[in-house]
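As structure tokens, here come the structures.
Both complexes below contain subunit A, partnered by subunit B and then by subunit C.
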Partner chain A sequence: MSVATADGLTLAGRDRRFGLLLTAPGLLSLLIVITFPLFFTLFTSVHDYTLLTPNYDTFVGLENYEEALDEEYLPGSLWVTTKFVLASIVIEFIIGFAVALSLHATRRFGSIYYLILLAPLLINPVVVGLLWRMLLHSELGIINYAIGLVGISPVSWLGDADIAFWTVVLTDIWHQVSFMAILLVAGLAALPREPYEAARMDGASTISCFIHITLPLMRPVIAVAILLRMIFAIKTFDIVFIMTKGGPGTATDLISYYIYRAAFFGLDIGRASAMAAGLLVIIVALTAYLYRYMNSLK
Partner chain B sequence: MANIVLEGVTKVYGQDILAVDNIDLEIREGEFMVLLGPSGCGKSTTLRMIAGLEEVTSGTLRISDEVVNDVDPADRDLAVVFQNYALYPHMTVERNLAFGLKLRKTPQEVIDRRIRDTTAMLGIDSLLDRRPSELSGGQQQRVALGRALVRDPEAFLLDEPLSNLDAKLRAAMRTELIKIHRMLGKTVVHVTHDQVEAMTMGERICIMREGRIIQVGPPLEVYRHPADSFVAGFLASPPMNLLKARLSGHHGVDEVDLSAVNLPIPRHRQAPLRRHAGSEVVVGIRPEDVHTQEPSDGTHHRVDITVVAVEVLGPEVILVADLGGGQEISVRQGATFHAVAGARIPLYIDLEQLHFFEVDSGLAVLHGGASGPVRPELGSYLKEGGP
Partner chain C sequence: MRLFLSVLAALALGIGAAQAQTIRILMETVPDTRYIQELLPQFEEETGIDVEIEAISYIDMHSKLVPQLIAPEGSYDLIVVDFYWVGEFTKAGWLMPLDDLVERDGVDVDVYVPKLMDLVGRVEGVLYMLPFYNYSMALIYRQDLIDDADEQAAFQDAYGMELRVPQTWDEYWKQVEFFTRDTDGDGNRDFYGTVIQGQRGDCISMQWANYLYSQGGLYHDENWNPLLDSPEAIRAMEYYREAVENYSPAGSEAYCFDEAFNVMAQGRAYSFVTFNILYAGFEDPESSEVAGKVGITPNPGGGLNGGWGWAIPNSSPNKEAAWTFMKWAESAAVAKERAMLGGAPTQAGIFTDADVVAARPYYPILGEILAGTKDFPVFTYTTEFVEQVGLELNLAATGEKPVAEAMASAQERLHALLVKDGKIEE
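On to the complex of A and B.
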């Protein structure tokens, strides 16, 4: 039963009003920096708005969307993005899990390892891109110099279409793998100890403990880690922008870079906005799924 | 089947937490041994060392006459029922039970049969498809027990397996465990801090305190001849009344002076007390050795007391009586006993049943009843220096 107070509000109602008051400044700034650009994009996407004719005089409905879907290079970019997301997440998951398991088993110097692991995550992605671009430079980079010392001929890390894709993937992994590792190590730390003792008495080896206990118990954490990384990986832009500009050819032409090109090289903001809206739908769908999944765990 | 022998076993956690201090204990083949003691006395640690989940710091641990200090838990062929059940949370009851058998490559039809038999015996056969989180505490408890039973191991190690059950279920499970033990004849080590459990279930009880073993023996033996005042004050509910006293009288052993009352000591019981003539002792009086009606055997001494409280338990009544001089005793009475607080009534204390303990070491000097002086072999588990 709710209790009415002097100002006619229930106790819960007053709590809610106070809470709203506290969050108002934050909500307001979020509204300005997120909602406004969002609606601006959606608004632009239904107009014929190019940088040559930057006005909202011509309402075109879904025409921008239709045109975007008909574009010759869109499927290629989608395919590159899919490959990129799958490759980086699968490899990050494997490395991340291995790192998490060894960190979990570490008794000493744990915080030092955490620090080392966290370092790449703290670096701005643009800086990561610049850093690796220099390290991997085919003539001036230290990596080609180093492999030259052991007699391997220089590799064109960013110039060769096949290699460049994997270079970008590996750079992203270098940057993001700790995110996966740290989520997973937190999950491992939260696992109950008792089932492992029971399993030892039941005669389980380390490997069967991992397969039959760790993996199933970690499933929620694994799912959340992968979904989160997926959402971020789909939006990857910075390292491509810095390292390859989508090239060579279209080898690293991720969808967000593709949209960027449509806007600032194609100068067709309306169509770029339509594609951005499409990307938004995918990411919102994934996020909604993640949200529902996490709620279902409660 | 297995016997379990601990020789000088010590466990130190980390640098300096001495959890188990140089204990010797033999658990015989097929025996139901209860480890009993207050919280933190090292019962779980002892059990976990036997299981192999905790390394033995020093000393020797033998199972079936083989030294197993460095043997992997999986190869000791023991089954543990953990205090907190430790069920596999993501597996159904059926898979929980089958897990150990599958790892040991047991044929599926054998697994099925054992699960069927065990779950029927424990009354959990309707729960096979549920997860642990969908079970009540008592059901989880029985699943944990079932997981140990299907394995058919050399010995069972049970760590307070009944502690989280309600009184009724606990009593039922006590009986069930005793039945199972009788049926299988396997060695059982059962850890508890509940003295009722220890008295009713154990073939022998091992009483621990601060990492040491104080006394080992059959329940009645330990009850009648507690090795020291700690054991006396730990067993039974209410436990033995332990009163500060001084031996006095003509020879220093004719009477025991409880400050407000003096109890005469029968002449034939005086000899073992001579060593302590005239000095302070602790007198132990069991609540059932005091009566409100004078019995006819002439061994009782009348004292007049003030009633402090009467606790009605149902089948019996506990009378808390003030002897004067700040000494209170609990007295067990039949359900029909009635008295009001503050009343003065006479009590009759059985002089033949008085126990005497040393003040400093707590060691027993003289036990009540026909047994007389302390039998040396009962004290043999006491380490140098006493508790």
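On to the complex of A and C.
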């Protein structure tokens, strides 16, 4: 039953209007803050805007996009980024889920585990990069020393193209895995107990409980966790900037560092904006796909 | 009452401070910046101008400077300019010409080593900077090993020549091979003839330049025609690759100068081709296990010239005070004091000044090193060139690309950038 008020709106309608009024300033500033840089980037990407001639006098249409697509090392960088995103998400998900399950089952010292788990996440990524670069020094680093004690010969963590890629992936995992774990543990805590009790009554094993109850119920949370990590992973910059500069060769040349070089070393903000816009399209497409997938689960 | 008085005093001080001029300088966290900071109280006392030095690491400097330089009024009164940026900054018109000020105040700019004046002073006849310090590159080596009688005899046996401070590249390379060893007999080499700083980009670009000069190669001829696919350049890269494979720590293709420095400072290497300003660090027992055992000498065939200059950006809010500071920092007395602290001089007389030499006997050698250096190509796109050629060099150093192919790409890239800059025709 709805109660009409003096201005002809229902009580719920007035609530809605009041709510809109309250959120309008926030929404509006959010809109400006988000859309302005977006349109500015798109606007810059169709002009010949360089740091040497920082003006919008020359409209060049899609020339910046064409130039970017012609670059010899761009496809390689996209491929490295794809591998990096896939590898770090898959491994982080597996480790993160395992950690989440054990944390969920923990009865004592939970907060201590959380603290330890969260510590890497609280460190600035630049510091993470510097820290690992020191630990992984091929001659003087403590890691090669430690594995030397058990008779393993020293590893060229950052000097060998194949190893360096995985070194960067593992550093990123070390840094970010707890984010995945925390999201998943929150999801686990919100699961209803009844299905498990019922399954136990029917004599289901822990493993079949996991496969038939936990996984299906957790699917929306998993999708969100993967989506967020994917967006962050595509944008990874600091670790390669500090640890490898994209090298050796092009082994760790992630797209965000590639775009940074076009902007700040190449001085070509127009071309860098074109690449950034292209990257945005990719991220939005992936996000839209995952979002639809998530909705289909409900 | 006392409280009231102290509040009054604080207010008075606050007003005084507000009236005093303040200049802001963006600098890199390097020893020479530290020496300036140590001497700052002198300047502040003499002039009453407060100086705020913002010292940050090199990797952040360029991206922090550019927005301030583009702005009509930036936040820095005075800046320091790496030679990489000279072409770009002057082409963009960000730096203020200093000729009028120099003439007005009768500042003698002929005291500077001409090589540095050309690099971080004048551009096409206009004075934009005063050279601040030089980081020309040199060969740092273990003097104690050269002086060792057993090593001398062994070297004589092996190569039929005397073991001495290397004068030629061939001699140096024999020493590099000779000193690379497996000292504990576990089958892995653990003492290295040389240390490579091979990380992609800036690190490898700088060090490889010395290899190029050692072979008599150059980046371009006097008409800016690029020469990176010349036989000299290819030979230089082959030497570099050989060092990575045989004479330098595994993984050094990812080192920058700090990591390479530590290998040498821990007593794990015979030699290191690097910036002369690192030498003071090797001589300091706090940072080095080999203090008192290292020498420095010109890179055989010539090293890379490098340096920083003081400049007043056109966006500087307080140009006059900035100029006052620049004159003070570059005055004969302060320049000498900086050298006594370990700074890398730019004025010719300081390398051989009696007091400086008494405190730091190797300074005349630094003068010789600088005199024998060669220039990196300085043009509008130097920064991008360093990145692009640094990638090709690194691909060759790691063996991912054959040497000749990488040098052909480097040549192509330099050519394209020079065309873009209008230095040469398509």
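Keep in mind that, in the parts below, the second predicted complex is superposed on the first by the 239 of 298 C-alpha atoms of A that agree within 3 Å, B and C clash if a C-alpha of one lies under 4 Å from a C-alpha of the other, contacts with A are read in each partner's own complex, and residues count from 1 in each chain.
Definition applied: a contact is a pair of C-beta atoms (placed from the backbone, for glycine too) under 8 Å apart; a residue touches a chain by one contact, two chains touch by 3 or more.
Predicted model only: the values in this text are computed from it and were never measured.
Taking subunit A as the common reference, can subunit B and subunit C both be placed on it without clashing, or not? Answer clash or fit.
fit
Give one of first, second, both or neither to describe whether A:265 is in contact with subunit B, with subunit C, with both, or with none.
second
Please indicate which partner A:212 is in contact with in the superposed arrangement: first for subunit B, second for subunit C, both, or neither.
In the superposition, A:212 touches subunit B alone.
Have a look and say if subunit B or subunit C is in touch with more residues of subunit A.
Subunit A has more residues touched by C than by the other partner.
Is A:145 contacted by the first partner subunit B, the second partner subunit C, both or neither?
The answer is neither, since A:145 touches no partner chain.
Looking at the overlay, what does A:160 touch: subunit B (first), subunit C (second), both, or neither?
Only subunit C is touched by A:160; subunit B is not.
What is the contact status of A:199 with respect to subunit B (first) and subunit C (second): first, second, both, or neither?
First partner only, subunit B.
State whether A:109 touches subunit B only (first), subunit C only (second), both chains, or neither.
neither
Please give the least Cα distance, whole angstrom, that subunit B and subunit C reach in the superposed model.
Nearest C-alpha atoms of the two chains are 51 Å apart.
Please identify the positions on subunit A that touch both subunit B and subunit C, taking each partner from its own complex.
On subunit A, no residue contacts both subunit B in one structure and subunit C in the other.
Where on subunit C is subunit A touching in the complex?
59, 62-63, 66, 70, 88, 91-92, 188, 198-201, 203, 249-255, 259, 262-263, 266, 268, 380-381, 383-384, 386-387, 391, 394-395, 397-398, 400-401
Residues of subunit A touching subunit B in their complex?
Residue list for subunit A touching subunit B: 192, 194-195, 197-205, 208, 212-213, 216-217, 219.
Inside the complex, what are the residues of subunit A that reach subunit C?
51-54, 73, 133, 137-140, 153-154, 156-161, 164, 241, 244-250, 261, 264-267
State the interface residues of subunit B toward subunit A in the complex, per the touch definition above.
By the definition above, subunit B touches subunit A via 51-53, 73-74, 78-80, 82, 84-90, 99-100, 103-104, 147, 151.
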